[in-house]
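Two complexes follow with chain A in common, the first pairing it with chain B and the second with chain C.
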Partner chain A sequence: MHEKKLLQRLQDPKGLIGLLILFFFIMMAFLAPMLTPYSPSDASSQPLLVPDGEHPLGTDDVGRDIFTNLLYGSRTSLIVAFSVSFGVLVIGTLAGVFSGYVGGNPDRIMMRSVDIFLMVPDLPLILILAAYLRPSIWNIVFILTIMGWPVGARITRAQTRTLRVSGHVDFARVSGAKDWYVIRKHIVPDLYPIMITSFVMQSIRAILSESGLAFLGLGDPSYPSWGTMIKYAIGYPLVFFTDAWMWWLLPAGICITLLVLGFVFVGQALEGDK
Partner chain B sequence: MQQNGRMISIFFSIFIISSLFFLPAAASETGTDEQETVLKASWGSSGGDWGFPSPLTFYPRGPGYIMTSYCFDALVWPNETGDMIGLLASSWKSSEDGLEWTFQLREGVTWHDGEPFSANDVAFTYDYIKGKASISPIGSGWYNTEIIESVEALDDHTVRIKLNRPYAPFMQQVAAVVPIMPEHIWKNVSDPSKYMEKDASIGTGPFILEDYDKDQQSYKYSANENYFLGKPVIDTLIYVKTSDPVISLKTGEIDQSSLTLDQVKALNDSDNLKVINGPGYWVYRLRFNIPSNNILNNTDVRKAIYYSLDCEDIESRVLHGGGVAGNPGYVPPYSSWYNPDVAQYTYDIETANKMLDDAGYQNKDMDGIRLDAAGKKLEFQLLYTSDQQSQRLAELIQSYLKGVGIGVVLKPGDMKTVDGLVGAGNFDLAIYSHGTSTDPARMLNSFSTSTGWNSTEFTALAEEQMGTMDENQRKALVAQMQVLIADNVPTIPIMYRNVYSACNQEKLDGFFYTPGGVGGGVPTEYNKLVFIYGTSGGNSENLGNSTGNTADSMGIFGNIAILVCAFALKTRKQQ
Partner chain C sequence: MNGKELVRITDVTKVFKKTGFFRGSSSVLALDNISLSVKKGEILGIIGESGSGKTTLAKLILGLLKPTSGSISFADVRNHEHESRKPAVQVIFQDPYDSLSHMMTIGEIVAEPCFIKYGRSYVPEKVRQALESVGLIPVDEYLHKYPHTLSGGQRQRVAIARAIVTQPDMIIADEPISMLDCSIGVDILNLILEMNEKSGITFLFITHDIAAATYICNNIAVMKAGKIVEYGPKKQIISQCSHEYTDSLLASARGEVIKNY
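Presenting the complex of A and B:
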């Protein structure tokens, strides 16, 4: 019943556009090797070519095909987005439901630690950790998940508290249902809308953070990333004195914006926001 | 009527306030000397703070020394052709064995504060800087005093310097580097490394320090009217920090800056800038952890890595032609000490593969990465600083080495992290970029510390060439050193970067790159002689004046406009 309501919500134009954009990027990520003959790290072409038939978006300063990097960049962004939001979802929901359902001292301890996490400024910590750990994509996922779960836990816990004292849950418990059964059958399903919204929000955050870190040079150098592309494009002194920004800088920026927009549309549609 | 009165009072207050805004600007423009020529320079995007410009407090890098050299003179100085001319010394001679140097000093030289300069100051300076290793420019080897036995002022204008052993590059590395400091100021200073009072920058140089701002990263010098070689052609020299030197040059915010080739390409003829280029003596090299890494300890593996890199191609991709591909003998090809007859490692994948097979890494895993006898991957971590060039270089090296089956894991870090890890020996490969210096003494003799490669034969040659006074004999020894380097591949010099500089010709023309560099080998266009012998166009003064006038007239026009509006409104109200 719950899922059906969500699907219905997605059917308004905003949701459809959002889904279409997401589908477009997912296809781009999957079909990347078929759409381009080059590999993203292949720097064998002439550097700084203008777009032509062989290189639809030209080549960058070391001779990599920009179009190829754009395609493979969607993989990085999507991997990070989905891993982070999935991680946040699992940890956040478990912690939130546990905390809200059990109550008492465990709840207090849990929520105080969440408070501490929420108090720590996000971005500076990410910057410091990214600089100290090895810049691998999984470290970035790890950091973003660690910094993201308290938000999920907070929301889930609040909702769980309300649900726990609501009529149907009380009735189930009085009828002899075990805690685990109640959580599984009555609490978690009612959390689906919240979970999906937080999934979408975390994805957006992950995409922007990954691009941001890559732009600052703290990303994983072995994964092509839109943030890295922007960093290199801006770092090339001639980019604004020639037309190069149009095929080097702009596409990566548009891709980040579009992907985030896709997630935003889906999220708004799911919230029933017209 | 009351309304009108209020209107008028409002407009008058606007008039007064706006006058306040416009007047100071106009006043400051007209207040300066009309004939003043100001040159605004910038160190480009590499930052602008190089420490307080005194011989003991500048940051021990090339630019730091240059900032100091404007205020302080050495005994001699290299000119446009790289020959030594006398600054504080007017003539000099050395004994047969090269152990005794006698300098005749210029007469009538005064310090910036008017005190006369004498031979005692020279003797004082050489004594003063001796053994003060805790002071950073001394500790990092800017002033080579360990070869000096004694310095003696024979009379007011004669100094004799005795060396404890023959030292071939004495003129270039010592006499042309050590800035002479005034005894009457420094003899009373208790902590010279922290002494940054106004007096600390008093020297004999062509410029007097007006202002140094550490936070703004700016320097302001004014010309020394009484400079013994003649008054500098510009009156004020300012160094400012700029985030984008190209845009600053185009807008006229700065008049001069050093650039990279990519930045030079962004300039065009209408910018009226003169671009010069010169040898950079700046190397990008691949450093190996020779003492601690058992695999890289093997010379054949290092040679195989050299064979697998196409340095010319890397140069064309990273510097886009603004440099020269590396030479196995390490000495850049434009140096007069360059020896072309050394082992060459031209890009050859087959040789590289064969050498690695022979070294015992013939098995490969599924990704095509070689395995050693124990089945461990032949994989190295590559450390590099995260600036654009080093990062691009790292990526290219990664893909080249992958071609011969060597895995490379990239590890970027800031300069301090990289230096720290390399210093602790906690790395496999590292990309280093730094000045090579120009004299073989500094270029090659430190090889065992800068590469971790120890060879008694090499060290012996290094010692010998330093004490060889005969130029040709010394060249032969240096050539022999390069052969040894090329045979052992202690490090791979991938490329040398050229340096470029652009300057507004109307402000100052005549910049040049000194062959052999200044200050013992800093390859820079800022040889202070250019400010004496260069030419400064006349247009700049008018330019300064006219901007003053426009600011002035803008203020007046603005006020008049406001008044006119006020009256127009008032008359309308009355109708």
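Presenting the complex of A and C:
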């Protein structure tokens, strides 16, 4: 019933706009090689070209095509967003359901360690780890997942605990159901709405964190990223004295904003906000 | 245990302990040395106020809780092939809004006990029969509905249908009518009586409503503060009760049902 309800909720204008934006960026990521003849690291063009037919958004200061970088940047953002939110979802749900269902001492130990994770300030730790680990996109995914799962675990645990003592779970147990059956049939289906919402939330967090890290120079240099583009654009001294910011700086910023907006709209539609 | 008994509860005590890290521990005595036996085919009423341990007793019999001390033993029942087995116990909970999973259709909910017991090879016809026997007719109209589209009385009928679908020997009804309107409550009581008469299912009927208990029960046990203060056939409890708590219960209900007896 909830799945149906969730899909129905997505059908209001906000959800549709959000889905449309997400679909747009996913297509952009998939079709990038077909939409542009250049590779994102190809620095063979003239530097600082003004937009024309060959370079729809011009080139940057080392002669890379900005449009190409923008297209491939969506891949990086989406890969990070989906891997982090998927990782948080799996680890958080497993930990939360286990902790809430078993209860007692395992639950206490688990929740205290979650508390410790929640206590650690996110951003400084991400910065430090990103600086010390090799600058790779999978390290960023790893760090964001490690910092994100306790939130997921907390939420699913709370829901699991209320479900565990509800009448339909008791009834299934009286009928002879094993723990695994109860979890699969009575607890996890009830967690779908929470899981989807936390998936959206974690995606937003991952996109913003990845761009932020890339902007600070802690990103993966082999993956073109919107954050890196903004960093280079701002780092170029003359960007605001010419019109270059309009096609160099602005598109990357707009892309980040739009993608996050798409996720926010989907999230709000799923929560039933009008 | 003689041949007539189905469940015997001997000296059962249940203590709920609460251990805190810093505050030390406190404990609540929910059941205090209770002995009771349920006879085959009867409807045994358990009456008591809130917090008197009725539901705890039900959960102990269902195996959802373990007794702190004492024992609960089940008599073997014989089926038609003359093999003896342990009796199957099912339950109807108080709150029909909490006890049905809102993610499942009525058909899935009623089929669930069969599914758990027999796997995928259960007989779908039994689900239809169960729904028919609780008066949810036409069955096809209900099979694919979700619980939130039903009224409280209909939900409680679904809860009864899924309790009887595996043909249990005993059903524990834990305040099945306390959250329903009076008129619907009487329908449910009649349904329980009918199940008892037709299928010979033993009922343990837990309630705080002595009028409802006198309407359907053969024997009545009165509980107060974790103890059984009075036990006997219905007529004896009504006409010559010995405990002041029973007296006060009767006094509050007098004028409605009692004048029939």
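Convention: the second predicted complex is superposed on the first by the 274 of 274 C-alpha atoms of A that agree within 3 Å, B and C clash if a C-alpha of one lies under 4 Å from a C-alpha of the other, contacts with A are read in each partner's own complex, and residues count from 1 in each chain.
Everything below uses one rule, namely that a residue touches a chain if its C-beta (ideal position, glycine included) is under 8 Å from a C-beta of that chain, and two chains touch if they have at least 3 such contacts.
What you see is a predicted model, and the numbers here were worked out from it, not measured in a lab.
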Fit or clash between chain C and chain B when superposed on chain A: fit
A:62 touches, of chain B and chain C: first, second, both or neither? first
Chain B versus chain C as contact partner of A:92, first or second or both or neither: neither
First, second, both or neither for A:135, with chain B first and chain C second: first
Touching partner for A:177 - first (chain B), second (chain C), both, neither: second
Which superposed partner A:15 touches (first chain B, second chain C, both, neither): neither
Touching partner for A:150 - first (chain B), second (chain C), both, neither: neither
First, second, both or neither for A:166, with chain B first and chain C second: second
From chain A, separation angle of chain B and chain C (C-alpha centres, steps of 10 degrees): 150
Nearest Cα pair across chain B and chain C, whole Å: 47
Residues on chain C engaged by chain A in the complex (per definition of touch): 62-64, 89-91, 93, 95, 98-103, 109, 112-113, 116-117, 146, 148, 162, 166
Complex contact set, residues of chain A against chain C: 1-2, 166-168, 170-177, 181, 185-186, 189-190
Contact set on chain B toward chain A in their complex: 244, 246, 260, 262-263, 265-266, 316-318, 320, 386, 388, 391-392, 394-396, 398-399, 409-414
In the complex with chain B, residue positions of chain A that touch it: 41-43, 47-48, 61-63, 131, 134-135, 217, 221-222, 232, 235-238, 241
